[in-house]
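What follows is a pair of complexes built around chain A, which joins chain B in one and chain C in the other.
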Partner chain A sequence: MRSIAVALAVARKDLTSEWRTRELVPALAQFVVLALVIANFGFQIDARNAPAIAPGVLWMALVFAGLVAFGRAFAAEREQSSLEAMLMTPASPAAIFAGKALAAGLLLVLCEAVLLPALALFFSVPLSFEVVSAVLLATVGMAVLGCLFAAMVARVRARELLLPLLTLPLWIPFIVFGGQAVQVAMGGSGGTGNALGLLIDLDILFVVLTSLTARFVLDD
Partner chain B sequence: MTSPNRYEKGAIAAVALMLVAAGFIFLYAPTDALQGPVQRIFYLHVSTAIAAYGCFALVLIGGIAYLWKENAAADRLARAAALVGLVFTTVTLVMGMIWAKPIWGTYWTWDARLTSTLVLWIIYAGYLMIRRLADPGRQAARFAAVVGIFGFIDVPVVHFSVTWWRTQHPGPIVINDALPPQMLIAFFVTMACTLFLAAVMVAIRYRIELLTDQAAEKVVPAPIVAPTKAGSAR
Partner chain C sequence: MSVIVAGSLTQRFGSEVGLDGVDVDVDAGEHLAVLGDNGAGKTTLLRILATAARPTSGSLEIFGLNATIERRRLRAVIGFVAHAPGLYPALSARENLEFYCTLHGVDRGRVAEILELVGLAELAGRPADKLSRGAQQRLAIGRAVLHDPKLLVLDEPDASLDSGGADLLARVMRGRTAVLATHDHALANRLCQRTLVLRRGRVVGVPTRLRVVH
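Up next is the complex of A and B:
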C-alpha cells in the first residue's frame, strides 16, 4: 500500500513538473508528426500503399519518440541530483522507479494521442480498438524497460548513445507482436494468433523482471 | 623456455581437439547427398551456437550471483563468458551466412531465427558496451548483471524460434534422429571439442579479468609532492 502511495506521489511530481514547463509533450508531438512527414518522402506514400506502410511508420515513430521520452525521464533528476535525495527517504527504490516509469509512460501515451489520430488522418487508415489497445499494451512494457535503462545510462558516459543500444533490442518483441496486431487491424496480411494476449504476457514478464532488478539500478 | 602453464596447456589441447573435430568433419562424416560438401558447415555452425548459449547462461548465472552476493568472482565469470559468447555468436552468424548463400541463394533473410540471433549479438555487444562506459567496479557489475538477465530472454527465443514461427531455417534435426549415425558421431565430437574450446577461452579470459582487477587495486596514487630535483619541480 505504502509503495503504491510512493509511486503515485513520484508520478504526480513528474507530471506536475511537466505540466508547469510543458517541454516534453509538445516537443514529442511535433517530433511524431515530423516523423510522418519524413515517412511520406521516404516511402512516396499514395492511397494504394498507405495501409501497408502505416503500421511500420507507426512503430518507428513510436519507438523513437519513446527513446526521447524515456531519455528525458531521468534528465531533471540527474541535473539536480534529486534522485539521491529521493533514495535517502525510507521509500523503496522499486516504488520510486514505478512512479518514474508510470509518469514517463503516461507522457508517451499523450504523445500517442497525437500520433494515432495524425496517422489515421494522413495515411487514411482506420483507428480501431485493436490498434489502440496494441499500442497501449506495448507502451506498458516499453515504459518499464525504457525507464530501467534510462536510469542506468543516466549515470554513465555517452548516455545518449547507450540508451538506444540497450533499449531497442529488448523492445523488439513489443514491435513484433504490436506490429502484427496493427497490421491485421489495418487490413494487411500478417501473423494470425493472439498478438494482444502475447503483448499482455510480455508486459507481465517485463514488469516482474524490472521490479526485481530496479533496486540494483537505482540504489547504487 | 619454461614449461607451459595450465592455461597454455588448455589452449594447446583445445587447438588439438579442434583439429580432431576437423578430421571428423572432413574425413569421417559422409558428404550430404543433396547439399554436397557445404553441408559440412553444419557441424561447427550448430556447435558454436550451443557454445554461445552456454556462455550466455554463464553470464546470466554470474549476474544473478553477483546481484545476490556481491561476489566479484561471479562478475568476472560473467564478463569473461559474455565476450566469448559474443565471439561464438559471430562465428555462428558468419558460418550460417556462408552456408545460406549456396543453399538459399542469399546471405541473409529476415527469418525468425536469423533475426533473433542477430538481436542476441546486439544485446551482448550492448552488455560489453555498458561494462566499458559505466564506472568500473560495483556500478559496471550491477548494470551489466541487469542487462545480462534481460538479455538472456532472447536465448530461448532464438532456440524455439524455429518451432514458434514458420521459418526458412531448418528446425532441430539432431534430437529428431534425422541424421545418419556417422553424421551424428561427427556432430557430437565437434560439439564436445567446441565446448572444450569455449571453456578454455572463458578460463583464460577469466584469468585476464582477474589480473586486470588485481592490477587496478594495486595502483598506488601518485605522490602529491614529487621528489624535487632542480629544474624538474613545477
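Up next is the complex of A and C:
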C-alpha cells in the first residue's frame, strides 16, 4: 500500500509541476500536429492510400513525442538535483520509478488526445475503439521502457543520443503489433484481436521487468 | 556507543582518488565537523556517510548496520542536506515538504511544525523557485529533519544562510548525531565537538577535540 501511495505522490508531483509550468505538453502537441501537417504535404494523400499511410505517420509521431516526454521525465530531476533527495528516503525505488513512468505515460496520453483527432482530420481515417486501444496499450509498455532508459542515461553526457539508441530497438514490438492493429482498424485486412492481445502480453512483461530492474538503475 | 564506524574508506573516480583510506568514528549525540579546502574530499565523504554513494573499498557501519547493504533501512534514520537543495521549483514550500512526508511515511501534520522550525511559515505557499537561495536552503534543511532522523549529514549547509543560519543549524542538530562539512571554522567550533580535516582525500593529523562534551 505504501508503494502505491509513493507512486501516486510522485506522479501527482510531476503532473502538478507540468500543469503549472506547461513546459512539455503544449510543445509535444504542437510537435505532433506539425508532424501530421508535414506528412500530409509530403505524401499525396487520397481516400485510397490514407489507411495505408496514416498508421505509419501515427507511430512515427508517437515514437518521437514519446522520446521527448520520457527523456524529460528524468532530465528535469537531474537538473534540479532532486532525484537523489527522493532516493534518500526509505521509499522503494521501484515505486518512485512507477510514479515517474505513470506521469510520463499520462502526459503522452494527453499528447495522443491531440494526435488522434488530428490524424482523423488530416487523413480522413476512422478513429475507432481499436485504434485508441492499440495506442493506449502501446503507451504503457513504451512508457515503462522509455522511463527506464531515460533514468539510465540521465547521468551521462550524450543522453539525448543514447536514449533513442537504447529505447527504439525495444519499442519495435509495440510499433509492429500496434501498427498492425491500427492498420486493420483503419480498413486493412486481418483481425486486431491477436495484435491487441500481444500488446497486453508485452505490457505485462515489460512492466514486471522494469519494476525489477528499476532499483538497480535508479539507486546504484 | 559509536553511531558511525568507517574504516579505510576509499573512493576512486576512474584514475582520480576522491578519498584515500579515511577512518571515521562518531559517537551517539556527537557533532563532527569535516573541514578542508575545495576538492579535499568532504562532499565525497559525506555522500558515503549519508548512503548516497558507495565507497570503492573500505567498511562502513551506521547504527551497527552495514551501510552498503542496509541503505533503505538507514535512510529512514538519516537526514541529508546535499550541496544542491534539490527542491521542486513549481511546488510551494509546503507542497515540497508534503511530498516528502509521503515518501518518508510521515504524517503531514509535521509540515507546519517544520516550516515553523526553519522560519518559513509565512512563505509556505510560495513556489520554491520564488524563494531566495537562503530560504531554499532552509527548506532543504527542513526536509532533512522531516522524518526526525537520528543522524544528520550536512554538506556545507551554511553556504547560503543568513546570520540566523547558525542558530537554525544548532536547533536542528540538537539531540542528534551530526556530521557537518563547512569552510567556516567559527561555525564548526560553535556547533561541533570534534573536527576532522581532509586534504586531497586523506585525513590530516588526528581528529581534534574542540571542547569538552557535556
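In the analysis below, the second predicted complex is superposed on the first by the 216 of 220 C-alpha atoms of A that agree within 3 Å, B and C clash if a C-alpha of one lies under 4 Å from a C-alpha of the other, contacts with A are read in each partner's own complex, and residues count from 1 in each chain.
Here is the rule we use: a contact is a pair of C-beta atoms (placed from the backbone, for glycine too) under 8 Å apart; a residue touches a chain by one contact, two chains touch by 3 or more.
Remember, predicted model here, so these are calculated numbers, not experimental data.
Chemist: Applying the document's definition of touch, where does A:V156 land relative to chain B and chain C: first, second, both, or neither?
Modeler: In the superposed model, A:V156 contacts chain B only, not chain C.
Chemist: When the two structures are overlaid on chain A, which partner does A:V6 contact: first (chain B), second (chain C), both, or neither?
Modeler: In the superposed model, A:V6 contacts chain C only, not chain B.
Chemist: Given the touch rule stated above, what does A:S17 touch, chain B (first), chain C (second), both, or neither?
Modeler: In the superposed model, A:S17 contacts chain C only, not chain B.
Chemist: Can A:A47 be said to touch chain B (first), chain C (second), both, or neither?
Modeler: Neither partner.
Chemist: Please identify the positions on chain A that touch both chain B and chain C, taking each partner from its own complex.
Modeler: Comparing the two interfaces on chain A, one with chain B and one with chain C, the shared residues are 220.
Chemist: Which stretch or stretches of chain A touch chain C in the complex?
Modeler: 2, 5-6, 9, 13, 16-17, 20-21, 80-92, 96, 219-220
Chemist: Could you list, by residue number, the parts of chain A that touch chain B in their complex?
Modeler: Spelled out, the residues of chain A in touch with chain B are 145, 148, 152-153, 155-158, 162, 165-166, 169-170, 172-173, 205, 209, 213, 216-217, 220.
Chemist: Using the touch definition up top, name the residues of chain C that touch chain A in the complex.
Modeler: 50-52, 54, 71-73, 75-76, 78, 80, 82-91, 95, 99-100, 102-105, 127, 140, 143, 147
Chemist: Mind pulling up the chain B residues that touch chain A in the complex?
Modeler: 67, 119, 122-123, 125-126, 129-130, 133-135, 138-139, 142-143, 145-147, 149-151, 153-154, 157
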